[in-house]
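Report on one structure; see the data block that follows.
As written, the chains take the letters A, B, C and D, and residue 1 is the first residue of each chain.
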Amino acid sequence: MALTKEQIAQRIARELKDGYYVNLGIGIPTLVANYIPAGMNVVLQSENGLLGMGPFPFEGEEDPDLINAGKQTITTVPGSVFFDSAMSFGMIRAGKVDLTVLGAMEVSENGDIANWKIPGKMVKGMGGAMDLVASAKNIIVAMMHTNPKGESKLLPSCSLPLTGTRCVKKIVSDLAVLDVTSGGFKLLERAPGVSVEEIKAKTAGKLIVEGDIPEIGI
Amino acid sequence: MNKVVASAEQAIKDIPDGAVLMLGGFGLCGIPENCIAALVKKKVSNLTCISNNAGVDDFGIGLMLKEKQVKKMISSYVGENAEFERQLLSGELQVELIPQGTLATRCMAAGYGMPAFFTPAGVGTEVAEGKEIRNFNGKDYLLEIAFDADFAIVKAWKGDTDGNLVYKETARNFNPLMAMAGKITIAEVEELVPVGELDPDAIHTPGIYVHRIFKGSHYEKRIEQRTVRKKN
Amino acid sequence: MNKVVASAEQAIKDIPDGAVLMLGGFGLCGIPENCIAALVKKKVSNLTCISNNAGVDDFGIGLMLKEKQVKKMISSYVGENAEFERQLLSGELQVELIPQGTLATRCMAAGYGMPAFFTPAGVGTEVAEGKEIRNFNGKDYLLEIAFDADFAIVKAWKGDTDGNLVYKETARNFNPLMAMAGKITIAEVEELVPVGELDPDAIHTPGIYVHRIFKGSHYEKRIEQRTVRKKN
Amino acid sequence: MALTKEQIAQRIARELKDGYYVNLGIGIPTLVANYIPAGMNVVLQSENGLLGMGPFPFEGEEDPDLINAGKQTITTVPGSVFFDSAMSFGMIRAGKVDLTVLGAMEVSENGDIANWKIPGKMVKGMGGAMDLVASAKNIIVAMMHTNPKGESKLLPSCSLPLTGTRCVKKIVSDLAVLDVTSGGFKLLERAPGVSVEEIKAKTAGKLIVEGDIPEIGI
């Protein structure tokens, strides 16, 4: 059984550590906030200028001056702080954000990532993604293992225009957890009931399989 | 020294066709609603707009796009706007896409008198094409240059008559950076107070950067993505 | 996440001989008095200190100079200190003098992850020797690089237990810049408050930059140049 | 009669305009603040992080957290604002400060200035002077026309290490007011009772004298 988007987020949440400052991208990464272990102090950074992002507001309590980088209405937690966009990307570039989680269209076996542009389609822009991938010290990609046509998104090299190079450290897909190593994608865990063979078949880039591969415990 | 003007119309009255403008805001949050309305009314055209986003079809910079006042957008993300897409595909509109942190820092660099700086964003991508790449401490960086804008138009929460500004929550975003970067900076504020009322330790934009200020009105503050939880 | 430490001694206990330190303050205003006292007590030696000034004979960094703990000062102005002068002339102490704006911006660049930037300060002077000069828009600029400091030690007015900091008046000076720039940043504050007590719109240093914080005590806040008017 | 330091400051104050942001250096320049015409709104910048500097505090009201760049206790005026040193020099570099007044040891006929270092003497540092002279759009130097030995401080070229090049726009000395032009020092006004001949004799750099030179009206 492939993981659901919620389960991908749940698995990524297990990478969090107490005291982490974390930037969560739009889509599956946003869901990670729902699985921060109780009692663990994790501070969420939103690159439009906020540390200490809280959950969505209660109905009727939306504040138009308080949004996240996905332009959604949000709240803050105690200890939050607002700043301008230059300082926001300043702290990202300076490596002060411990973990960045984002989605991807393609990841290559050397850690390149493509997630902003499809030639021939309307290009909306890279937003903050290029800054994040060029600067974050630890990047986890949350993605589907294959595209809707069933083609692998884990490739020898990206075919789409790049967002950044040699930056992805780990991938949590619906099928597997993989580290990006100097030798290629290293399989760490597989989704419950998904075989190593299926992952091999759906991974176009170089896959390293060593010893028994445990199932992802959700 | 009198920086206070009566209205948005007064504040923008000398912005000519073909000007390069910076417009503060992130999405529809913290945008200079009054000045945008005045620019539409004045029918200024052929504008180059530096702004993180391009509004939606019927709000924000989208209102200027609808009237075909914009020649070129310099932004990091321009989704959520069908008219924008139409003009872009038809070639009526030019778009330059810039990584968001680079956009912010190019504003700050202008306000800080730094003509250029190095940043890693975009190395190894098409953003790096034609740019100088230099390695510092084992990592590659691009040389990026400060923006050069004729007018910066920003929205603050409170301002005093000397032009000192305070922003609210995430409506700060690009506003203080652009406020520093314009040759002429125009600020619209929700509350205009006498000098001495703002806490000198808590001012985000010192008045030295601001040339004109006025109290805006009828702020709609439209929400782009209303996301809520249910109570219990 | 527990950033709060009990004392200055705890905060600086792992600063080794030979470390590169940044110390906030301008003159004797806004200096980390408690940490300086603890560094003297710990007898750390061979330090490189990046600080706008070097204190006076019996206060501030002067206390560390007296104990010969400093190998090198990187400053913009080092007057008002006889022991400093003696060590400099005898060759015991190295001094690197840097224009004040360059000093400030090299701190900021470190905190903003910009390895280098261009500034006009020092063009045509001995400060430019050995540095790249580049012309932008008809004016020459020097390439200056970000500082690389092991520890930044700053003094704030108020701080919360997450490390968010607020400075008072001109005691702000270099403190927020250095707070961003240290690999490890230590903040001493006059008032340590629970999270949520500081206004999120009015925090100068976000806690993400601060690793250790403690409530300092017995602040002397010595005045270097007492200038007054008579009443009537 | 050569001007006193107070009179030099008084003459410089006549260069101020309503709405000016001004940075005053240590020494004679500081005195300029005492001669701002009543009703004129001039905002004083202190490069340690303040716009809106006021006079010295009343005795007993000194605040150790509130000093100017000369480390003197000061006050603020309504509308003042505090900022960090990077923003302070940022606004200076960006040309937002309308006028900078500072002292000098030497000025050359092309506008170079030397005011921070004397070889063989203890060097205290340039402080903010190099940033100010490299960035300010309008620099007026307040200085004595000659040094204590009677030697001219207005030279063909500076003999001391430079603080900045081609930056001084105007000089107000105890003997004269001069513009620094592409052709040299242009004499504009002379101190009451001081002859053009005396100024010529005490100006080593090229001096331009055209027509009648009026006395400085103090």
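One rule holds for everything that comes next: a residue touches a chain if its C-beta (ideal position, glycine included) is under 8 Å from a C-beta of that chain, and two chains touch if they have at least 3 such contacts.
Because the structure is a prediction, the values reported are computed rather than measured.
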Legend entry - Which of A-B and B-D has more C-beta contact pairs: A-B
Legend entry - CA centroid of chain B to CA centroid of chain C, Å: 33
Legend entry - Gap in Å, rounded to a whole number, between the CA centres of chain D and chain B: 36
Inset, instruction - Between chain A and chain D, tell me the centre distance in angstrom, where each centre is the average of that chain's C-alpha atoms. - result: 56
Legend entry - Cα-centroid distance, chain A relative to chain B, in whole angstrom: 28
Legend entry - Residue list for chain A, restricted to those that touch at least two other chains: 76, 82-83, 86, 89-90, 92-93, 135
Inset, instruction - Enumerate the residues of chain C that touch no fewer than two other chains. - result: 105, 112-114, 119-120, 167-169, 172, 200-201
Inset, instruction - Treating touching as the only link between chains, describe the layout with one word: line, ring, star, complete or other. - result: other
Inset, instruction - Pull out all the chain pairs that touch, please. - result: A-B, A-C, B-C, B-D, C-D
Legend entry - Complex contact set, residues of chain A against chain B: 46-50, 55-74, 76, 82-86, 88-90, 92-93, 112, 122-131, 134-135, 161-166
Legend entry - Touching residues (chain side chain D, partner chain B) in the complex: 18-19, 21, 41, 43, 45, 51-52, 76, 78-83, 86-87, 89-97, 135
Inset, instruction - State the interface residues of chain C toward chain B in the complex, per the touch definition above. - result: 105, 109, 112-120, 134, 136-137, 139, 141, 145, 166-169, 172, 199-202
Inset, instruction - Please give the residue numbers of chain B that touch chain D in the complex, ascending. - result: 1, 110-114, 160-162, 164, 180, 195-196, 198, 200-201, 203, 206-209
Inset, instruction - Quick one: which bits of chain C touch chain D in the complex? Just the residue numbers, please. - result: 26-30, 52, 75-79, 85, 88-89, 97, 99-105, 107-108, 119-127, 157, 167-177, 204, 221-231
